[in-house]
């Protein structure tokens, strides 16, 4: 298998592209970031109009805490110590998921094992008997206005992750809105998976070979900024 | 029609008897008092272990505010200005009725137009076209652990209020637990209306004449303290 | 790129309301309601409104002005005995009135805010207000299925806001306001004071700014 | 007549727990949980417990000790990947585990506290966690009916209490604690500080004392 994008760059490229998506909207947004690559999105957000929510009960989550600032009772949903921002606030988990379920969170960024061509996504369990947890994933994909899936285009051994039909237990039905990999950006429009951007390392034919999911190509297909 | 208890004393006697009911329990209690006679119950409660809740969002309601202390944004559910007590707190109406519906309120004291022998009570509307309001009455009778009905034994023109079957629209089904009039105290035990106390102004035969509702008499029938 | 400021005038706020809108208004018996927003809306040409509130003030006072001014198509609430004009208008067929028990009303507004379309409650079982509503039995007790109540606009009253739109309230003027803030497409809060973000205690904020779209500073005493 | 004081020792508090009880424990990933109550319960003979919590700490740490000490019959929660002993015990048939999506879990606890037996949510529709649950369609969207989750005892962690039992919390250590305080027959709060009634700001109290039965002052740092 050929490595098209160096591993170190995969996560950064995905995170940066997702941050652009939010910045480009030029409006106040409330966003929930999952663990892993999604968390990196925060590094590429500038300005003071994008607010991060942590589902364990905080709005206005600041950067990770370091050194003296570490307070083990001020953590994000990935259990990382974080900091406050001006105007942040705390609330219980029912209020927190009320924001999510009630459609007040503009976007959630989540990782996934698989996404399929209908927008189903699987990110909560690999039924290998060693995992037993769902967390807030199902609430987030059902509740957030936009579900942004951040994932490498293929697994480390080259298996495709953008598939015709999810083989793993799904997290939600047809909930994915935007899928960002290191090679491409897909948007679901009226239930149809549409390729909007393609990375410079690959052409359309090459992408199709790595993508069992069937997709159409946007009339204005753009190069993915890297 | 004979007036057995002077009108000025009816409300006071009822309120005082209900306060005794709570004081006798010798435990921390949380109580919601309806408008009218029920509000008077507070005047006969002593000690610091009975806490009043106002369903518009306050726990630890203090005495009515007078003079300088009147703050039109510190009112009870009857729109009367009230005062704070040490340790009182404020909350929204959903939390307030959460306390009520969730069974956290030990007792509600309410007035009624009618109570029937099955414990149904009617206190929210006389369908005369001039009333249009239910307030928290249905939530209170369904949610409070004990529903105490405070009402004069008969209407001002002598019509009975303790009836076989409510004629007015009911507020709740079989929710009454204790009925206190100026003439008697009845308790519902396993769906059965039981006379526990009788006022000195009347005998059992006299009471039955004023009480269409069928009731049994407690083996230990007591004089009602007046 | 500049992000719109939440602070606006009462006129600008009321101009966002359309005739025919469903409008929640925080209030409890002429207390804890957004006085300037209500005055401005009552003075406007907007009509055919559905007003969702605990009560409707008094005749010609507070929320009562919407009825006096014939701006109302329908009411959803729970206690109109303080304003006899409501029963009269209903009897005349001028307005439609839906009564919901007060606790259910509060919970239904919260439910809309938190994405719950329906929920079961014990209040009202066997009464006239349960007619036509589905019931179910859980643990041997009968409950009624109640639907969430949502709105186009929520006009709420808070005590203090920060510039982001975080809100705190004042005593029993809190009432339905924090719930309504969550339950409308557009939430406009009238406040006595606006302070810089960061100056409200993060532990004491009652309504996080995510629920607040516009802030109007109350200027009249 | 004297009214019982809410303040008690951790030993007295844990003695109120019976083997076989359903116990809620506030926590989120070894943060914001009642450390001394959990330690004392883990050191006790009580077993056959159903533990209702977000997660189960880590192996041998925090709530994880209940499993290490074989005190658990069943778990109701949502995220056990931080403690691999949970999956292992389930695979062995030693414990029963019920997974509920985190937001539904939070709401179901609140529902128990506020007397709502069941409610509809969108989370989980069409997934393995919806199997066997009734569904209904509202406004063209499918929802799952979820049941309230109640408990015999709630062990919660707050920051400061007043002598009545009013509680305030500390940052993200709030998590499920205020919800669980409402949802159990017996609520025991472990706090860092107890101050006289009247010294907490009535506008900032998160858990009114009506929901709190016992207070344990945390003594270890």
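Note that the chains take the letters A, B, C and D in the order they are written out, and that residue 1 is the start of every chain.
By definition in this document, a residue touches a chain if its C-beta (ideal position, glycine included) is under 8 Å from a C-beta of that chain, and two chains touch if they have at least 3 such contacts.
What you see is a predicted model, and the numbers here were worked out from it, not measured in a lab.
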Contact-graph separation of subunit C and subunit D, given in steps at minimum: 1
Of A-C and A-D, pair with higher C-beta contact tally: A-D
Separation of mean Cα positions, subunit C and subunit B [Å, integer]: 30
Computed distance of Cα centres, subunit D from subunit B, in Å: 35
Junction residues of subunit D, two or more chains touched: 107, 110, 114-116, 121-122, 169-171, 202-203, 206
Two or more partner chains touched - positions in subunit B: 90-91, 94, 97-98, 100-101, 143
Chain contact graph, described as a line, ring, star, complete graph or other shape: other
Chains grouped in pairs wherever the two touch, ordered by label: A-C, A-D, B-C, B-D, C-D
Interface residues, subunit B side, partner subunit D - complex: 26-28, 30, 47, 49, 51, 53, 59-60, 84, 86-91, 94-95, 97-105, 143
Contacting residues of subunit A [partner subunit D, same complex]: 54-58, 71-77, 79, 90-94, 96-98, 100-101, 129-140, 142-143, 169-173
Touch list for subunit D against partner subunit C, complex: 107, 111, 114-122, 136, 138-139, 141, 143, 147, 168-171, 201-204, 206
Touch list for subunit D against partner subunit B, complex: 1, 3-4, 110, 112-116, 162-164, 166, 182, 196-198, 200, 202-203, 205, 208-211
Subunit B partner contacts - residues on subunit C that touch it in the complex: 28-32, 54-55, 78-82, 84, 86-87, 90-91, 97, 99-107, 109-110, 121-129, 169-179, 206
